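Okay, structure first, notes after.
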Amino acid sequence: MTDPEPVPAVTESAEAIAAMEIRGAATIAAEAAEALAAQAEAVDADSPAAFRASMRAAARTLHRTRPTAVSLPNALRYVLQRMEGHDVEALRRNVVRAAETFVDQLDGARADLGRVGANRLADGDTVMTHCHSTDALACIEAAVDQGKSISAIVKETRPRNQGHITAERLRDIDVPVTLVVDSAARRALDEVDHVLVGADSIAADGGVINKIGTSGLAVNARERGVPIMTAAQTIKLHPETLTGHTVEIEMRDESEVIDDDVRESIGDVAVENPAFDVTPPRYMDAIVTEHGQFPPESIVTLMRELFGEGAAVPWAEP
Amino acid sequence: MTDPEPVPAVTESAEAIAAMEIRGAATIAAEAAEALAAQAEAVDADSPAAFRASMRAAARTLHRTRPTAVSLPNALRYVLQRMEGHDVEALRRNVVRAAETFVDQLDGARADLGRVGANRLADGDTVMTHCHSTDALACIEAAVDQGKSISAIVKETRPRNQGHITAERLRDIDVPVTLVVDSAARRALDEVDHVLVGADSIAADGGVINKIGTSGLAVNARERGVPIMTAAQTIKLHPETLTGHTVEIEMRDESEVIDDDVRESIGDVAVENPAFDVTPPRYMDAIVTEHGQFPPESIVTLMRELFGEGAAVPWAEP
Amino acid sequence: MTDPEPVPAVTESAEAIAAMEIRGAATIAAEAAEALAAQAEAVDADSPAAFRASMRAAARTLHRTRPTAVSLPNALRYVLQRMEGHDVEALRRNVVRAAETFVDQLDGARADLGRVGANRLADGDTVMTHCHSTDALACIEAAVDQGKSISAIVKETRPRNQGHITAERLRDIDVPVTLVVDSAARRALDEVDHVLVGADSIAADGGVINKIGTSGLAVNARERGVPIMTAAQTIKLHPETLTGHTVEIEMRDESEVIDDDVRESIGDVAVENPAFDVTPPRYMDAIVTEHGQFPPESIVTLMRELFGEGAAVPWAEP
Amino acid sequence: MTDPEPVPAVTESAEAIAAMEIRGAATIAAEAAEALAAQAEAVDADSPAAFRASMRAAARTLHRTRPTAVSLPNALRYVLQRMEGHDVEALRRNVVRAAETFVDQLDGARADLGRVGANRLADGDTVMTHCHSTDALACIEAAVDQGKSISAIVKETRPRNQGHITAERLRDIDVPVTLVVDSAARRALDEVDHVLVGADSIAADGGVINKIGTSGLAVNARERGVPIMTAAQTIKLHPETLTGHTVEIEMRDESEVIDDDVRESIGDVAVENPAFDVTPPRYMDAIVTEHGQFPPESIVTLMRELFGEGAAVPWAEP
Amino acid sequence: MTDPEPVPAVTESAEAIAAMEIRGAATIAAEAAEALAAQAEAVDADSPAAFRASMRAAARTLHRTRPTAVSLPNALRYVLQRMEGHDVEALRRNVVRAAETFVDQLDGARADLGRVGANRLADGDTVMTHCHSTDALACIEAAVDQGKSISAIVKETRPRNQGHITAERLRDIDVPVTLVVDSAARRALDEVDHVLVGADSIAADGGVINKIGTSGLAVNARERGVPIMTAAQTIKLHPETLTGHTVEIEMRDESEVIDDDVRESIGDVAVENPAFDVTPPRYMDAIVTEHGQFPPESIVTLMRELFGEGAAVPWAEP
Amino acid sequence: MTDPEPVPAVTESAEAIAAMEIRGAATIAAEAAEALAAQAEAVDADSPAAFRASMRAAARTLHRTRPTAVSLPNALRYVLQRMEGHDVEALRRNVVRAAETFVDQLDGARADLGRVGANRLADGDTVMTHCHSTDALACIEAAVDQGKSISAIVKETRPRNQGHITAERLRDIDVPVTLVVDSAARRALDEVDHVLVGADSIAADGGVINKIGTSGLAVNARERGVPIMTAAQTIKLHPETLTGHTVEIEMRDESEVIDDDVRESIGDVAVENPAFDVTPPRYMDAIVTEHGQFPPESIVTLMRELFGEGAAVPWAEP
């Protein structure tokens, strides 16, 4: 059975997400929620069942664009779980309202999370960052807003050097920045008061999936006696992991690691370029969300509050 | 008091070393020993005291070129400690002979060390490397010569990507190579049987000074349960550390870390580029030398055999 | 005051449990629930109070048979907590329904748990097992059902060699098995991707009570960098531990450890034969249940969901 | 805007708390709750809004006396969160009732907690204590009441030697006591079965804030293989930490550390005298409360049950 | 070229060793030394070169019998390294004398080692043993001779249950013994003051090769805070490991692990039965020899004193 | 057989040492050596044997005064091992010369050791000290002499508060000092670059016997990532430990821990007051001596250089 064609707004959103024109966990989630609202408003359904089916189909269209992104299904899940009502109008109204609420919460979440993370930092702290994370950045911004003096040691984060973006953003808010290669982390940790990273997604067993290098950094931070926290909005919590699923690690193109000249000179050498790794909960001191901070071993409780036991997929065909 | 002018061969060697035309611990050491022999052969001294003074002056000239390199003073030390005799001719003869012996031993040392390191590897092992070290490479080469099948995971080793050289050398001897960014090390360690690194120098407290990133790698190797060894000829042993001196870490230019474009866009951001770090002995399983293998905590005994208690500097003015 | 005599079905169940004709946590729990249903259906009570008293008495009879088994009181607790109603018929109906629900859930729980555990395993994994656990086995079975290729290293598990049973069961589903003595675990861990054990019971502080040797294995798994999980249905969660009670470790007969010949030759030597030990939560990566996976430090939340604060014993005399 | 003047009973309570005539977390909390009840009973309010404002003002007056004590705001929070009703009388009644309930629960909490902690101790155990904690003492008392034979090694706990009080209290209940200096802890741990401490407050990230020296003791207990637990009523849970706030450590006067003679002889030497330190959750085996025991990593769930997400401060001006 | 036929005494010794009629590291070593003396006394050589060749051939004959035993080549090495002299008679005399000295030292070594190990034990200690080691036993015997009261917890040591022998020997000297299965070790360690094991051989990197299970026990002893020592005469030191060689682990027959009945019932299941494992030096507190005690990381110094740099094999053909 | 009466100078020295008028490891050692010289000079012996017997008797007299001090027998051992010669005059001369050499070396040793320790410290370092050690102090003094800026955090070191002396001495050389109670160490370690302690004695297994509290501090320093070194002249190396002997820990009077008032109020409470504890080598980064620095695991090599295998007691009756 083929899915009914979604309304054009959904198709366009799906295409933009697939083409990575729309990027970033929160931006994707908002786009998906709004696309569902657009579908609800535009769809012509002659029964509650037909409305529901069209919504699920739209959700599936959106989901297929980035099957491993976690914020996207979380947005779909949030909206569809609130698709209640006895007639089409009620359903339509509730979907639109749920999408609005979701987007509103998303707007507030980064700021809320930032304040929680900032509260863990002290005036005068030097913070080490890895990769570029708007959630992690929000914590430093909020700390600066609280009047705290913060310095940063920024790892460049090969292969894509997102540390350069972080360095620029921090410099823009007058945080003194020292840039180092990733390998210099352990040595630099002697000058660091707090390590602060973001997350790609977070698993029910407390594992933090984040940019490749995070787990090695966390092990070194523990060894050097430096606390480390993850800043992650709850759209990063991965419901499927509640039932034991592990998060598949994306393997990216070798061209991020070596350019054509090196490729030629180096000859028959394989290149492996994993995008992420998994930091076990025992090496992470806290996960900071818009709902407060949690030891990684307790994030499962927040996940169960938000998602139940995680097995239901509300966009599945019945 | 100014030093007497050394003979031209010494001056030329000194210049070549200073200009880094002559590079690599063993090459520098051989050049220095041979320069001392040249000095001994060419110098016109009318008394044993004058001969000795001219030799010490030549040694000082050579030493000044790379004051933090450890193989250079070790070469000078080896030759000057054997400068014995009651007349100028005997002194000359002994210096020349000592220089020859030193160079001969150097030639054999890398191969001897390679066999010792190779004996620690098993057929079928996957070895992870960091940076480019001819001593570490010698171990893999010897293992291949022993008929063992070895694979390698090569860290690129930012900022100068010496891992590319290692990858090429290993490919040249038909060792299958996978290149990874430095941050991918912890994840890749699950597939690794042995980590193998070189050393810039080795301290009497068992600390291994090596390319930045080694200590973080060693901590992760221990955490992942993977053994790690350092391959280092004894010219890397640092006599001054016997008396508690620590090895100064060279800070290198930021241009190795960021290019001009990044420099411009990133604005007022400091870059710190340490060349080396120190791995504590408790994270290193063995140091492999041409005199056999040693737990890092025992390398001090070998140093005392070679250098005594380390305080004497035979090229010092009396 | 003596308890009223329970109906014959209860007495028979109690005898069968006491005689260990009925064994295994789930089987005992189902038997106990069904015995309570039988009591509810057969008892002749002239008032709600009398009905309740007879049910509690039946529960006590059943409880006495294996006072340290945890699934038995959990079954009794589940059924009696649902003994509600204003007249005898309503009470009877609710007890019977609760028993049915409990048994139904039990039937599904092993399969649900198996899928959760299987999700943690990857295609190609080698799993190490200790003792024989149907819950642990369910995870491997489900992984095989998911099409994953799994191999096993099976510890024989002295003194009763339940590893032989596990080996047979795994061979029956075409999982390649290597049997080792318990002492060979640390060496064999180099080839293992996941350690998988069951549980005798689980405490609110996250401690896993399981077959003697589990805690030593867990410590070694952590040291070797190998993840370890416990598969345990929620009937293994120990409500009394919520109030700090520790689980008493059963000491078994020496005849399991030495036979008569050794006994005679060995003379005046004591034999200590503890059935279980306690693995602290910090050495266990996850507890897998039919309600999903949990870090051991969070299992207390699930226990509180299921049992409240754990102090109430619904079969106690009022 | 100035706060309305609270009734005299509140002012008197506030003064007594500020002057430290009323001390101890539970005593302060009870006093504060009763002061609120007194305010509710005595205040003359002509509208629900006026009543509420007067109650919040009274709470602020009380809160200001010891801004860093955690049990005081917890008492205020408990009572004010139950200030519900549509008219002044209903509000008054509910406040008074909430205060009574709070005080009643407080009375029972220490005994309940004591039993939970006692359940973790075994007959014959030797317990090591740090500082003087009525909650920790309650555990030993309850264990003795359960008929267990307990011995104690009591750290003197510089600078104020509260260990002397603990020693006396334990001797009063016939527990054999050995007093040691704080530095003797690691050596004495070889004879210890359980370390038992109290808490000044407990953070949402599982950190235990307690008398200076606790964290060093906990690290040593882990290193020596000895379990350690914290006994803390839930009035010690710190709601502000749910939003990432850290607990400020009080720095006390140097006169507790050195007397005048030493001050004179020692000259220009600074003295630092922190009252507390923070023990990370990974070094603590359990937190024992009147609601049962929790791994420190799970205490956040109990905090969320009791306080929600922690941001609301019910005595804040609207 | 074939070796010259050794004298009959050598052939007989070789056969007895090969047939395992002569067993135990010290017994084999003594037999080999005496066989060389017999060869020296009986051989008819017309030149020093012929004498030397015949001695080397005899040594090769003996060496071939048990190529992985370490005490055998150590005996040969000791004697042949002392084969000095300018004529056959001097050579003969020196060989015989060396063999006598070696055997004499061997006789004293076990007692000397026992006293050293005993000095590490305290009156009242409980010692845990693994497998059966005469060297380890010598330490307990010497401690008892010193008047110390010692108890023992003896691991049975599957698959061959050598713990039964240890239990008998200890009972014979009135040491109270408790026998446990290997898996019970971690639990029993709470009652243990010292773990005491022997060694099959000891490597230059400080690794202790001993009965399978030793390394897992050592890891657990460290985790439980219990010191552990290895008792090993210097004939157990493995000269080849000075040059990086690893010690090959013998894989033994499956019949030690399962009997025929199990074999039949268990079907197509592999059995892996390694005889030894390797304990890294970081988990061993001391190695006790007849020359005193050494941290494992320093045993290389003793090896270099005894064997030089280890490369020379004095029975090799020139 | 009674010892011959030593000369008055020996008797007086012995009395002064016994009465603790002469204190401190180096002072006692010098006194003992000089007393032996005095004996040699004054004794009237008619044969080498008589001379030797009188010297041994004098040594025994001195040794008996403080049987657990390690520097005293080391002084006796040094002198008596050099008592060589064929006639009384030669013996006398050699004893006197040995005593002089010993005292000369002692004078230089503290300064030499200080320089070695100072070399491990960096300009700007904050050093934490425990107890009062002239050897540790020598390192800081030498660092200050080298022009380094050093700050100190000084633990008071209960029960005898020797930290007050350290604080005064450091203040005298213008080192800024912060005094803390012992329990504040872990918290203060965040500001510390190096922990520096002395030693009462050092064992062949690398264990450092030092003031009670050192081992707990060392464990915390490792956990916090702070390096720690021991400063100890070689007269602190304990020859008897080469043969496995452990160092007996002195138990001191309770009056150091509690005064009479506390004694009275506290009632029937035992006080345990051990003077020292043992820090395992794995928690100590280096031992600094006048012969250079050593990893603790290698100090046994230095001990064997100085004392041989440690069994000989040159003052024993033949």
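When the chains are written out, they are named A, B, C, D, E and F in that same order, and each has its own residue count from 1.
Keep this in mind: a contact is a pair of C-beta atoms (placed from the backbone, for glycine too) under 8 Å apart; a residue touches a chain by one contact, two chains touch by 3 or more.
Computed from a prediction, not measured in an experiment: that's the story for all the values here.
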item: Any chain in contact with subunit D as well as subunit F; value: A, E
item: Partner chains shared by subunit A and subunit D (touch criterion as defined above); value: C, F
item: Angle, in degrees to the nearest 5, of the Cα rotation that carries subunit C onto subunit D; value: 120
item: Classification of the subunit C:subunit E interface as same or different, half of numbers criterion; value: same
item: Subunit B-subunit E separation of Cα centroids, rounded to whole Å; value: 38
item: Centre-to-centre distance between subunit F and subunit A (centres being mean Cα positions), rounded to whole Å; value: 59
item: Between subunit A and subunit E, centroid-to-centroid distance (C-alpha), Å; value: 58
item: Subunit A, residues touching no fewer than two other chains; value: 223, 282, 295-298, 301
item: Topology of the chain contact graph, where touching chains are joined (line, ring, star, complete, other); value: other
item: Listing of all chain pairs that touch each other, if any do; value: A-B, A-C, A-D, A-F, B-C, B-E, B-F, C-D, C-E, D-E, D-F, E-F
item: Footprint of subunit E on subunit F - complex, ascending; value: 204-206, 241-246, 280-282, 295-298, 300-301, 304, 309-310
item: Contact footprint of subunit C on subunit B as seen in their complex; value: 189-190, 223-226
item: Sites on subunit E touched by subunit F in the complex; value: 115-120, 122, 282, 285-286, 288, 291-298, 301
item: In the complex with subunit F, residue positions of subunit D that touch it; value: 154, 156-159, 161, 164, 167-168, 171, 176-188, 211-213, 215-216, 219-220, 223, 249, 257-258, 262, 265-274, 277
